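Lettered A, B, C, D, E and F in written order, each chain numbered from 1.
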Amino acid sequence: MSTSKSLSVTRRPIEYADASARVRAVYDDIMQTRKTDWVNNFWKVLAHDPATLERMWANVKQVMAPDGALDPLTKEMLYLAVSASNSCRYCIASHGAAATAKGMTPQQYSELLAIVGLANETNRLVNALDVEVDERFR
Amino acid sequence: MSTSKSLSVTRRPIEYADASARVRAVYDDIMQTRKTDWVNNFWKVLAHDPATLERMWANVKQVMAPDGALDPLTKEMLYLAVSASNSCRYCIASHGAAATAKGMTPQQYSELLAIVGLANETNRLVNALDVEVDERFR
Amino acid sequence: MSTSKSLSVTRRPIEYADASARVRAVYDDIMQTRKTDWVNNFWKVLAHDPATLERMWANVKQVMAPDGALDPLTKEMLYLAVSASNSCRYCIASHGAAATAKGMTPQQYSELLAIVGLANETNRLVNALDVEVDERFR
Amino acid sequence: MSTSKSLSVTRRPIEYADASARVRAVYDDIMQTRKTDWVNNFWKVLAHDPATLERMWANVKQVMAPDGALDPLTKEMLYLAVSASNSCRYCIASHGAAATAKGMTPQQYSELLAIVGLANETNRLVNALDVEVDERFR
Amino acid sequence: MSTSKSLSVTRRPIEYADASARVRAVYDDIMQTRKTDWVNNFWKVLAHDPATLERMWANVKQVMAPDGALDPLTKEMLYLAVSASNSCRYCIASHGAAATAKGMTPQQYSELLAIVGLANETNRLVNALDVEVDERFR
Amino acid sequence: MSTSKSLSVTRRPIEYADASARVRAVYDDIMQTRKTDWVNNFWKVLAHDPATLERMWANVKQVMAPDGALDPLTKEMLYLAVSASNSCRYCIASHGAAATAKGMTPQQYSELLAIVGLANETNRLVNALDVEVDERFR
């Protein structure tokens, strides 16, 4: 009885073989867009809710599209920096792999992490000290 | 009596004319390093604690140095993205100005914000769903 | 010169009269969907980036749709609770107004806030104490 | 020597059989109030500090009381939403189980998560863009 | 019409003269406990919900009691540090004043802020790098 | 192929025997300053980026120096409180051990945690209710 109570909050990845046609359509688009032959766990867990799976993939596909004003590597590093700042371990792993695949070097990742750390320090100092925005920045 | 109680937590910017030699040395280095003729409020408020002023400037100067593996614009955009994610209004203003001065376009800023927003959404979903890191990401 | 530097990060609301056809189409859909004759500032500021305006509105429209498994008032209160937990003043004002319009009473809002506060307390205690998930919850 | 240093920060659950009379009184009230025959780990870990155990239980008992303006299921879902937003894994498991026991369906949980994710996105965008509160919301 | 919609979320301080007997009893206890002749705005705003006012004051009174294992100044500085880390401007002002009244010097406050900033930096680095807890710390 | 992609984001501790002279110099200073014969994992993981290792150690050494206005135990407890508030498990373990070594008792740690929890509750309530800073606190 007690196990059934938590079934709705714990969700295992849904593999392609077990997925509905609606879910497979998203998996197919993910693999085609990324030119790869596999789908990572985030999408397989979201697949329990096909509407959210479709919506989130549409968002990621649009926001991370390669034809924007920012190049794909910069986009991945921005995503990675926010994920590191938010302590999302899975997101660091997945976007770290994506950034690396797009050319991020270990040295660049070190610098990215240093910026994330320092920004978290100065952000807190600035907010705690309630620093007034300079006239020149307005 | 009551006003004196809060004097230690509220700190006004210390202008160059009123600064000690120790503080002026940092202000001078900031202006020289940035090739500008003014110092923004963050440093002027930190100046109440010269040791922290020196330390923080040494950190920012090193981490944001232009000779790293990441180019200066990318560094500023990473700093800006973390600051936006952390809702630090002053930091968005100051690093937004710095990124713009280094060439960030309004369209690039829009894309940066979109990534910050989306990362905050997927970071929460991933952590809430406790998604297991894929074998391929390890 | 300095003012132009910050133009890209500070964005004023774009009124209907000044909006492009693409932006007006979103404004029109917002007003029609919400059965109201005005658009709030969030959308008018997002309008500087029509792609994000369209995308965010499509997300909000889908997620907050009235025909879901959760009733509209519960949805608004959940949105409000997260916004209160994240200290988003504007979001509290806008979703507070929406929840009130859908029937939330002052007493219900008080209880909602009490839950938000208490959850933030116990969430920190649990994470700090690294409490192991009970077998019955797995 | 070194292990003793961390004894004060790492705390194992205290089982009923090993608990003091003061702690047992709280455990008894938890079980009676919840009409159940067990106590989950959060309380058993808090039990190392009986004053905090008593205080936190008194808070939870009052805030989550079934006779409020909000019904018990809505209260649990609000608690769950904040816990998901704060990435408190244990809290998601425990309040997810409680909400499920009170009737939350998997589909409702999916919608709850979608709202948590989206609110985190728009909260960041709103704060980053420093959107002014509309006159109508004041 | 529209103004009434936001009445439930915006709450003005309730002055002693306008307060119910139930609320006045809390105000009286706050002033007596703190040996002062006024009540700060936090409590006056909470007063719209007397149950929460009573509960929160009971919590603060117990947790911040002067007879604990930690001395009152250390307690206030811990509260202040967390508030600074969470960017709660009002809380920094109120607990900063309380800490100053209990003897915190400007130099001590500077050191406190430096620790808050640095902890936010290393906390992010540690979580991003997923550092394993040393055997000696377990 | 895929494993190499994540090499840049996953970093194992670098032991003294495998460290460069530059890294060893920092390890030596850590051990000498702390009067101990080992280095904890945080530094060993940072060692992949010697510049950040040197910089972070210089910061920690300065901020946590024993000759400040705050005594070493208070400093450690402030660091611990912020780490607990930020849910940094490793940091709680390491700074908890350091605070314990400097004399923090289990009862003091319990009170510290209670303050961290309560501050997170009132911080959210204050920000959500947008409480105006009292004249006396300005």
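To be clear about the criterion, a contact is a pair of C-beta atoms (placed from the backbone, for glycine too) under 8 Å apart; a residue touches a chain by one contact, two chains touch by 3 or more.
Since this is a predicted model, take the numbers as computed values, not measurements.
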- Item | Between chain A and chain E, the fewest steps along chains that touch one another | 1
- Task: Note the shortest touch-path length, in steps, from chain D to chain F.
- Result: 1
- Write down the chain pair in D-F, B-F or B-D that repeats the interface of A-E; the criterion is over half of the contact pairs matching by residue number. B-D
- Task: Go through D-E and A-D and name the pair with more C-beta contacts between its chains.
- Result: A-D
- Report, in whole Å, the distance between the mean C-alpha point of chain E and the mean C-alpha point of chain F. 23
- Query: With chain centres defined as C-alpha means, what is the inter-centre distance between chain C and chain F in Å?
  - Reply: 34
- Note on the structure: So, in whole Å, the Cα centroid of chain B is separated from that of chain C by 27
- Flagged in chain F as touching 2+ other chains are 2, 5-6, 10, 51, 55-56, 59, 63, 85, 87-89, 92-93, 96-97, 105, 107, 110, 113-114, 116-118, 120-123, 125, 127, 129-130, 136-138
- Message: With touch defined as at the start, can you tell me which chain E residues reach chain A in the complex?
- Response: 84-85, 87, 89, 92, 113, 116-118, 120-125, 127-130
- Task: Provide the residue numbers of chain B that touch chain F in the complex, in ascending order.
- Result: 2-3, 5-6, 10, 51, 55, 59, 62-63, 136-138
- chain A to chain D touching residues, read off their complex: 2, 5-10, 48-49, 51-52, 55-56, 87-88
- Query: Which of the residues in chain A come into contact with chain F in the complex?
  - Reply: 87, 92-93, 96-97, 100-101, 104-107, 109-110, 113-114, 117
- Query: If you look only at chain F, which of its residues touch chain E in the complex?
  - Reply: 10-11, 13, 38, 40-42, 45-46, 56, 59-60, 63-64, 68-70, 74-75, 77-79, 81-83, 85-86, 88-91, 93-94, 96-97, 105, 107-108, 110-112, 114-116, 118-123, 125-127, 129-134, 136-138
